[in-house]
Amino acid sequence: MSSTFGTLFRVTTFGESHCKAVGAVVDGCPPGMELSAEDIQPQLDRRRPGQSHLTTPRNEADQVQILSGTEGGLTLGTPIGLTVANKDQRPRDYGSMSQVPRPSHADYTYRAKYGIHAASGGGRSSARETIGRVAAGAIAEKYLRQVFDIEVVAYVSSVGTVDAPQIDLATLDRPAVDASMVRCPDAEAAAEMEAAIVAAKEDQDSLGGVITCVCRNVPVGLGEPVFDKLEATLAQAMLSLPATKGFEIGSGFAGTRLRGSEHNDRFVMKGERLGTATNNSGGIQGGISNGEPIVFRVAFKPTATIGIAQTTVDLDGNEVSLSAEGRHDPCVLPRAVPIVESMAALVLADMALVQKMRV
Amino acid sequence: MSSTFGTLFRVTTFGESHCKAVGAVVDGCPPGMELSAEDIQPQLDRRRPGQSHLTTPRNEADQVQILSGTEGGLTLGTPIGLTVANKDQRPRDYGSMSQVPRPSHADYTYRAKYGIHAASGGGRSSARETIGRVAAGAIAEKYLRQVFDIEVVAYVSSVGTVDAPQIDLATLDRPAVDASMVRCPDAEAAAEMEAAIVAAKEDQDSLGGVITCVCRNVPVGLGEPVFDKLEATLAQAMLSLPATKGFEIGSGFAGTRLRGSEHNDRFVMKGERLGTATNNSGGIQGGISNGEPIVFRVAFKPTATIGIAQTTVDLDGNEVSLSAEGRHDPCVLPRAVPIVESMAALVLADMALVQKMRV
Amino acid sequence: MSSTFGTLFRVTTFGESHCKAVGAVVDGCPPGMELSAEDIQPQLDRRRPGQSHLTTPRNEADQVQILSGTEGGLTLGTPIGLTVANKDQRPRDYGSMSQVPRPSHADYTYRAKYGIHAASGGGRSSARETIGRVAAGAIAEKYLRQVFDIEVVAYVSSVGTVDAPQIDLATLDRPAVDASMVRCPDAEAAAEMEAAIVAAKEDQDSLGGVITCVCRNVPVGLGEPVFDKLEATLAQAMLSLPATKGFEIGSGFAGTRLRGSEHNDRFVMKGERLGTATNNSGGIQGGISNGEPIVFRVAFKPTATIGIAQTTVDLDGNEVSLSAEGRHDPCVLPRAVPIVESMAALVLADMALVQKMRV
Amino acid sequence: MSSTFGTLFRVTTFGESHCKAVGAVVDGCPPGMELSAEDIQPQLDRRRPGQSHLTTPRNEADQVQILSGTEGGLTLGTPIGLTVANKDQRPRDYGSMSQVPRPSHADYTYRAKYGIHAASGGGRSSARETIGRVAAGAIAEKYLRQVFDIEVVAYVSSVGTVDAPQIDLATLDRPAVDASMVRCPDAEAAAEMEAAIVAAKEDQDSLGGVITCVCRNVPVGLGEPVFDKLEATLAQAMLSLPATKGFEIGSGFAGTRLRGSEHNDRFVMKGERLGTATNNSGGIQGGISNGEPIVFRVAFKPTATIGIAQTTVDLDGNEVSLSAEGRHDPCVLPRAVPIVESMAALVLADMALVQKMRV
């Protein structure tokens, strides 16, 4: 009941780790837009496992198939059905752990909620669920680029205790992000982050981090006051991603330590339009985009599934030592970059369509 | 189109700063529950302006009226109409500023979005919009308390650069929070915060801060996987509040700096139930409550409207100096405490009703 | 949870028969539109009781008050709060019947569903609930008229076994409808209908009937394929009205008896645009308006509450004789005319805003 | 944006006539229910073309595939992805007609709305769209049967001018319905209907008709007052089906001609429960089920696509003669029976889950 997101540009996802296929239905994509699998595949490739030694060795092609909603290479305005086959269906992998809920994972809560639990893998809490989001997000992005020239770029701004320096968000692009395996555009920080991940991996441990995302060329006026403020919807979108623990727009938590006179974004003329001298607002005021770049940060916890032995209890309350044996990313951040971009695109596409309603 | 929140326990708010009344319609409140204005008024009183020298002197009684949905003191299961009259209707107050959009306020974006703007006050971006939320939240809270014994308590954990020390969230209650005007339960920190606010006020400046909220006795199983994860819905709820810039659940951004082996919440037996030794998860795993206290933090920026002169530009691009003259809180945090609690209660009440559907 | 209708032009209603006030919140009305109580009152006046000897003598002024959403006589784009006071609050009126559920009324099902029931009157099943709809519908109508020149006109096409002859739907207007108390534009049929109602009233009995509605100047393209087809949404809107038993679009049930070659609406040129030679489609093809007048019919059952003694059983299963003593319309049709128009306007306004999204 | 239906038991459909696959995502199906393709296939088989000489010769296997949401034959509570391949992909079939919108079909309105149109077949207005509904409906039905013992049975009650006699709705079952190709349980009427369809087919013409549906063992209390009344939601569901023109609940339009004293359903004891002596209410009072069988009727127009030459105009306004050459049912009624049942099941399953929320 919660697998649908959006009001007019609407995505519904489906699929677990080890079922036949995962996918999405995108309803409300405007008609007459050129669309083929080639528009979608690149972001899926950035998301898929096995891209480098930093990520899980599950080597899945993750080829998207468009089932419906286009004809002759153009969108029809009808729902776009998208599937990606699950090539790697090994439901027995985690069998031994079925009586031991993994710490900080969804095993226990799913079981409590549903009275049943996908025997293997993370079910809907698996990162694999995000494939449908990324496929849908790629369509949203294409719409945003074509109609508004909107650019959405995310990067890894910290891994564990390694922080990237300030990045120029006005010019950042995906090639710069993808220059390092860890998807941090600062080469030096990237190298440190990579080393940290390798070290954690060797320790059978894991790391978290932060992704920063910028959305440029967003027109003024997107976002709905009150409950669907643009930042509120972005926050929902980001906290709906597995392993996320926090969201900041603009100055975020750091901004709470400034005085109003320091924090306020004074208006200035930027060519023909009103802009702001600073961007503590992160491109949003009163829930509505103001024409400045939208900038937000998303916190990801360290991967919960780790090889190190953990003392915990099984469902009967017996103390046990648990060492995960599955294939898991020691750090999800690099692969989460396109996922964050996709959710941002879904939010903006929906808000753009809703805003069109204004007389 | 965005003034409605929730799936089964659903609130729709209305009202601007200076119209006849603000209010809400609560649809989906279970029938047969005792309810009167006395259940709602206390939280409105904690929210209302003029409580102390720390808040705006707008002295409005903010008495709630229940228009419908109850009979003989019991809820009927039908929509509960709630209004609070706007006693202080001074639409001319900000007239002189109508051509000068206030920095970091919603004036500019509302005008751009709607082509019209409430001439005075913040329109729907005004803190006054939150009255409907608080009234509705008080009803949600009563339901949660009666059925699940859920307790929701928020407090001010920082103001500007003044941080409260660690507070015992297992025992914190509202009297302890309300012991200081600033709503920080640590007396020493409260005194420092108050001094900081007074200083900012004297400087015609403003301060931001952080509110921490704990929800105790939340049953296991609330929250819907994927887009309506419990933390995602809380994040949306909190970022939909005016002046918010960030949201953290459990370990939040700080948790991203830990390794998985440090961050994971090992399971332990707590009496008859499975609990966790630590609570970095903030009471939620895989989007679903796990029975531990739900703990989150919300960042509020410093109040945008300040008396200090700011150099900015008017709508025609002319540079002007702007000094706000209206009545404004130098720091919204103390009054935001019941608002944060109310939004948390609305989220939990809705999730509780949705979860009842499980066979 | 069901008191909200619409996606972008959205109405939420509240209020029972005998609470303080009934009303509505209209969210999503475009900004900058002139709006005052005078735009809303006429339809409320057509709906209110006590207009003639044909209707219930409850003489309530039903004056609407706009609480929010406008300033200086213009809509702000923010939610419009609307209330109408319940002047006649007599919760004891039906007290004696509280153990005897009225046949074909909602007493029994409300009690079964909610375990509680407004002691008096019909609660949310009361015709009084429709006040919020009519107030909201009047706003929708004004928007439709201003932007598209859409005209919505309904009339009583049958009362009991008295049928109006064919009416010219191209020219029908509200003055013609209101020329008779019974709201049938054919004087002869109107007289017969009135006589039938008077006779039923004298017998302490009641009559049903059919309302026909035409919507002219609806632009091509409104309505969403699949579940939100224009006729599907109209059907929901109409069957959501108290006492309705059926809905027909265009040729309706009679059309099922024709062959395709007789029923198909051949295209012809109408000035510059494609039109159809006949209108069995009722202005909608594939769920989308085609530019021809939208024509539909709504069946209303005879009023359930009657003075004639009925043998029935009370909640304990004891056989009893029940004679209603409250004040009730012997026939709801005349007052239902503006209600049907209002729901049609709400549907069209919402569809118009949604359709604006198309690129 | 309109391809999703339901609040808690929610279906999203996708697919056109000639794309790779049609299907649905069912979100909110309770966990732990046995489910395999065998539960779904029978209703798809009843829906599929080529069952008899009465239906279109498109011979498509229409085998459903469950992509997700089950494991070990049990539902997980997660979205159930369903696809049916389009074996017969002939997008050129209607090419010659692309400049000539078919009378009473969706060609013209889709083109007007979207500015693009699936070159072949009916796009989303095609009967093929209903495959997703039937697959989803079969799942809803299984849930309803298991938990409430609800039985949903529809049959063809008229074809053109041939009416079935009164059928005993207390005992009607699907074998009785399927005893005739035309799906009318009265053998004599079925033979007449079949003859009428054959005659229309020979004339290259088409017929409409009426389907009657009964839902037995529906518990008291389903349906939400006001906009989501049970009959309103059923009306939306039915009018959302292609080719439908009308909906009646209980006594329907005929009931409008009775007096209240004749029409009212007096309460009587039926064993332990309150029942009604008659069922003019069709099992619903005040929008809420009352425990009696829910009975409704749906009008289907004669198939719009016919072989007989029709004089019409093309998109440029030129008069042309159009004779459809595709493969079309001369009468959709027999195949529409499982579709009506499916939509009824989707409505009831959703309402049942929503009602569970009551404390």
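We just call them A, B, C and D in the order they show up, numbering each chain from 1.
Operating definition for what follows: a residue touches a chain if its C-beta (ideal position, glycine included) is under 8 Å from a C-beta of that chain, and two chains touch if they have at least 3 such contacts.
Just so it is clear, the structure is predicted and the values come from calculations on it, not from any experiment.
Peer 1: State the smallest step count from chain B to chain C, taking one step as a move to a touching chain.
Peer 2: When the steps are counted carefully, the minimum from chain B to chain C is 1.
Peer 1: Which chain's C-alpha centroid is most distant from that of chain C?
Peer 2: In terms of C-alpha centroids, the chain at the greatest distance from chain C is A.
Peer 1: Would you mind pulling out the distance in Å between where the CA atoms of chain C average out and where those of chain D do?
Peer 2: 26
Peer 1: Distance from the CA centroid of chain A to that of chain D, rounded to the nearest Å?
Peer 2: About 39 Å, centre to centre.
Peer 1: What is the distance, in whole Å, between the centres of chain A and chain C, each centre taken as the mean of its C-alpha atoms?
Peer 2: 46
Peer 1: Going through chain D residue by residue, note those that touch at least 2 other chains and give them in order.
Peer 2: In chain D, the residues touching two or more other chains are 1-4, 7-8, 13, 28, 31-32, 77-78, 113-115, 123-124, 225, 354, 357-358.
Peer 1: Please name which positions on chain B make contact with chain C in the complex.
Peer 2: 1-4, 7-10, 12-16, 18-23, 25, 27-28, 31-32, 65-72, 74-81, 83, 91, 113-119, 123-124
Peer 1: Could you list, by residue number, the parts of chain C that touch chain A in their complex?
Peer 2: By the definition above, chain C touches chain A via 7-8, 28, 30-33, 77-78, 147, 225, 353-354, 356-359.
Peer 1: Considering only the defined contacts, which chain C positions touch chain D in the complex?
Peer 2: Those residues of chain C that touch chain D are 1-5, 7, 13, 101, 103-106, 108-110, 112-115, 122-125, 129, 158, 160-161, 200, 203, 205-210, 220-221, 223-229, 231-240, 242, 244-253, 255-269, 274, 276, 280-282, 284-290, 297, 299-306, 308, 310-313, 315, 317, 354-355, 357-358.
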